[in-house]
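Structure incoming, see below.
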Amino acid sequence: MTGEYTVREQMAAVLARDLQDGELLQVGVAMPVAELAVRLAHLMHGPNMELIFFGGRMNVHHLEYYPIPEYGWDNRVVRWTESYSDRGHRFDQLKDWGRRVFFIGGIQVDQFGNTNLIGIGEDFNKLRFRGPGSVGTPTLSSHVGRYHIVLNDHNSRVLVEQCDFVSTVGWGRGGADARSRLGLPGGGPKWCVTPLCVMDFCEQSKRMRLRSLHRGITVDEVQDNTGFELLIPDAVPSTDPPSVAELDVLRTRVDPDGLLRGT
Amino acid sequence: MSERREHLLDEQQAAAWVEHGMTIALGEPAPMAMVRQIIRRKVRDLTVISSGLALDHLIAAGCVRKTISYYAGGGVGVPVAPSFRRAAERGEIVVWECEEGILTSGLEAAGKGLPFLPWRGGVGTSLPEVNPDLKVFTDPIAGETLIAVPAIKPDIAFVHAAVSDAYGNVQHHGGPGWIDLFLVRAAARTVVQVEQVVSNEAIRGNPWATTIAAADAVVRVPWGAHPFFSRGHYIQDVPFINDYVASAAAAAKHGGDPQLKNYLQHYCHEPVTHADYLERVGLTRLLGLREY
Amino acid sequence: MTGEYTVREQMAAVLARDLQDGELLQVGVAMPVAELAVRLAHLMHGPNMELIFFGGRMNVHHLEYYPIPEYGWDNRVVRWTESYSDRGHRFDQLKDWGRRVFFIGGIQVDQFGNTNLIGIGEDFNKLRFRGPGSVGTPTLSSHVGRYHIVLNDHNSRVLVEQCDFVSTVGWGRGGADARSRLGLPGGGPKWCVTPLCVMDFCEQSKRMRLRSLHRGITVDEVQDNTGFELLIPDAVPSTDPPSVAELDVLRTRVDPDGLLRGT
Amino acid sequence: MSERREHLLDEQQAAAWVEHGMTIALGEPAPMAMVRQIIRRKVRDLTVISSGLALDHLIAAGCVRKTISYYAGGGVGVPVAPSFRRAAERGEIVVWECEEGILTSGLEAAGKGLPFLPWRGGVGTSLPEVNPDLKVFTDPIAGETLIAVPAIKPDIAFVHAAVSDAYGNVQHHGGPGWIDLFLVRAAARTVVQVEQVVSNEAIRGNPWATTIAAADAVVRVPWGAHPFFSRGHYIQDVPFINDYVASAAAAAKHGGDPQLKNYLQHYCHEPVTHADYLERVGLTRLLGLREY
């Protein structure tokens, strides 16, 4: 029974387990795996979690069923809101964002967890690919207690040695004090979760390191699809698969439409 | 004795405030009735503070010289708004690179009459490199490294809201878009398009709900945010949005693709009034966008 | 008939006539003359004036009768509010305060219209008289289009050569550019209205100057009760008395309880 | 599965959060039930961010070392709060001189996690001279002269509101006091005393009306702002306030006047609970303070 799960369900389960009760959870745009991971954690073990979405702040632990909106900007998702997190002043309580966890993607992610939403090219005025812009990620990533990088694809076009432009500072050019030297209060990126594996960051160098492999994935497969030299421990465990209970909550209450069960 | 002056304008009168080269700001959901009227006026060289597909409309129509945007996403499955992406890659527009906290700091500075406000988000990123208006400085109290964001001063802010009285006292249902009040406070003038005009007494019944006081102009345009949503009134028209994105993507890919030109002609240039636009969309379609 | 008015009614009428339709009017605490002047102007010629009080913003031009609250902090005055001017952020739209007119008192007012609410004494840490503090007057006086100094008493203890401490900058140490050199966008103090007279400021020196005398008051009386040398023009006119229409509106609609008719 | 945690405390539990030497902030109308409990605890050396007569109570009771106040007025006909004036003139308290815009800038800086914010109000005045924490500096963008206000960080903000749910989602009636939300955003913890606790569903019916989300503690104290007002609930008790001012003025003038000591004893030290205090005030008197 537990054998039957998709890699996206695996990713959601991994992320959900890292989230602690009482935390505030905020997900970037177009990140369904992270959206559903947050809801899974909320229902599994987070009665005091608060979900931040579209300026609304909500606790839906008591609801039997909480569907993800079919469209990323569907304002109906605020129907369960208890307050607006930004009553005209979104960043007025940044000092309390240590309890907030954020999830971020990127058009480039480098070996120190810096990410890029600006664009690809050598010259900012002649970009080969113009990205969508940084949204609020520079401010969010500077202040939240920690964040996870979540990628829909694991390949060497996204995972690059160095970002052409940095829109969020992960661990800069490396070193445990990379962020404190910049005066950034937030805890920085913790994991990078992809369809192949979970990666974290070496405590000293802050280079990205393989943490666990999803079912059926090999170390070589990961390294071949990564554009920089990944730190590989001697023994790399398998990612803990979703439990029966997690899959049950996921499929019956969080993702009944099977958003994560498609490919 | 003279009477209190009403602030009601029609959509063409309000659009006439926009002149070539101005800086305008668009709230969220985008005030699309006004966006269409601005396109119809064929204004040029605007600096536009906006995000997503409303910004994309103005770029596609050739109105924009410079963008101040924290995010120009293109909707589901389209990471970047197509016309924005093409224009930026071809150097047809200037991109004033920023992010939410930097943008709101610049707007707050303008509202407070200050030349700048400090911000931390963006320290260590490429933002101060690609946007030389952002100055990295050392704070005079604690010696920390921060970014000085210059005041951002829109000439006109356009926002969409649920209701207003005739004097420009505006109340949103379900809260304004997150950036709207920043834009209003920073702008020299504010135009609010509303679903409905209500009595002054209705406003005074709950003054704390008033989100904008004495807006310079109120424009009554039911379904005025279409194809986007209006909280408590209608949800967004996803197929319509997807059609726009497909047209814009095709035009961006192939250059002179006619689909986007047709869209702009049919929905922005030809309808003289907002009611004309709604006639083209059709009441059945509009009523299908239920309000819950 | 017009002979029957009090000096406080005179002061209110003078102030009311300076206020233009469309302006926003804000009065400091414990200033009944200014409070009632604002209401008089609103009803007489200001259908588009807005009164700012207690965080509320109101237009009561349509009301038959609008009483002043019996107590300065009586929240019932907000019953006619249309919006709150400070939805948690009182100073967010200072750039628009050029349309705002403010009225201010003070424990000391000097020859350049600087005022003091901090205290009296040479040493801040050993004040002979500790004042209430500056409220919002430094910010208000820096940004409003103009303001009036309104005093309940005209004597040389209040009107001094130089304030011991300055809580609002009027015209600094003098000169037409006194404020622009400080970068203050607001227009500064226009008049000082007292029970004896109206004073303004010389265009060049910005020293205080006698503008008009209330009924029965002499130039000597004013100078004798002023702690600095006042500029006295060759001919000093009488203050225009309240008109029949002003007194009618004042007594029937603004001040039916006779707050200004007592001594 | 565990349940969502409630944030309800009684007034004594909440007052126990206050320790000697802390910085506390009081909203407007003052949260008097909490002020009385704090006095009852005989806390010392507080830095108090407050104004007017609530501040005067704490000074009279000997709890205060330092004040951060834009205004310490004494009510009708009493320009300066009597205990504040006496303590300041005798050097018994430290006065951190400021004004509204400087105070809110310091609070905003704290909320935003910034070491300072710039402010123009106060340039050219004596404020930077008498308060050396305020640094006059030249802005890095336009070269203007501004005041750098350091972040002001209260340990606890105490505010009064109309209602909250059990989870600390607070809604004011008729708007919060103008400074309350600044205090809440700046403070490490927030205690809200409310007239009434309502259901979570009532809050979710109008989430935009929620003024404070997830306050750390909610204390249910009907008539808790007495002798001050609570919008939609009661008006202020003017004779009671005048009696306090007269007592405080007499004590300030003559030193050991017993009237003020009796007031503090009778209304602050002896009543164990807020209900005990209300019993002393009397229901007839309370019901006479009508709500309109």
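Letters A, B, C and D mark the chains as written, and numbering starts fresh at 1 in each.
Definition applied: a residue touches a chain if its C-beta (ideal position, glycine included) is under 8 Å from a C-beta of that chain, and two chains touch if they have at least 3 such contacts.
Since this is a predicted model, take the numbers as computed values, not measurements.
Peer 1: If you check the contacts of chain A and chain D, which chains show up for both?
Peer 2: Touching chain A and chain D alike, sorted by label: B, C.
Peer 1: Just curious, how far off is chain B from chain A if you go by their C-alpha centres, in Å?
Peer 2: 29
Peer 1: Distance between chain B and chain D based on Cα centroids, please, to the nearest Å.
Peer 2: Here chain B and chain D have centroids separated by 39 Å.
Peer 1: Starting from the mean Cα coordinates of chain A and chain C, work out the distance between those two points in Å.
Peer 2: 58
Peer 1: I need the residues of chain B touching at least two other chains; which ones are they?
Peer 2: In chain B, 113, 119-120, 144, 174-175, 207-208, 211 touch at least two other chains.
Peer 1: If you look at chain C, which of its residues touch at least two other chains?
Peer 2: Residues 56, 78, 84, 87-89, 91, 143, 185 of chain C each touch two or more of the other chains.
Peer 1: Pick one for the touching-chains graph, please: line, ring, star, complete, other.
Peer 2: Its topology is that of a complete graph.
Peer 1: Can you list the chain A residues touching chain C in their complex?
Peer 2: Listed in rising order, the residues are 87-89.
Peer 1: Where on chain B is chain C touching in the complex?
Peer 2: These residues of chain B touch chain C: 1-5, 108, 110-113, 165, 167, 169, 185-186, 200, 203-204, 207-208, 210-214.
Peer 1: Any idea which chain B residues touch chain D in the complex?
Peer 2: Contacts found on chain B: 113-120, 135, 137, 139-142, 144, 146, 148, 150, 172, 174-175, 207-209.
Peer 1: Give the list of chain C residues in touch with chain D in this complex.
Peer 2: Where chain C meets chain D, its residues are 29-30, 54-56, 70-76, 78, 84, 86-91, 107, 118-119, 124-140, 142-143, 165-169, 172, 182-185.
Peer 1: Would you tell me which residues of chain C are touching chain B in their complex?
Peer 2: Chain C residues touching chain B: 21, 45, 47-48, 50, 56-57, 59, 61-62, 78, 80-85, 87, 91-95, 97, 143, 185.
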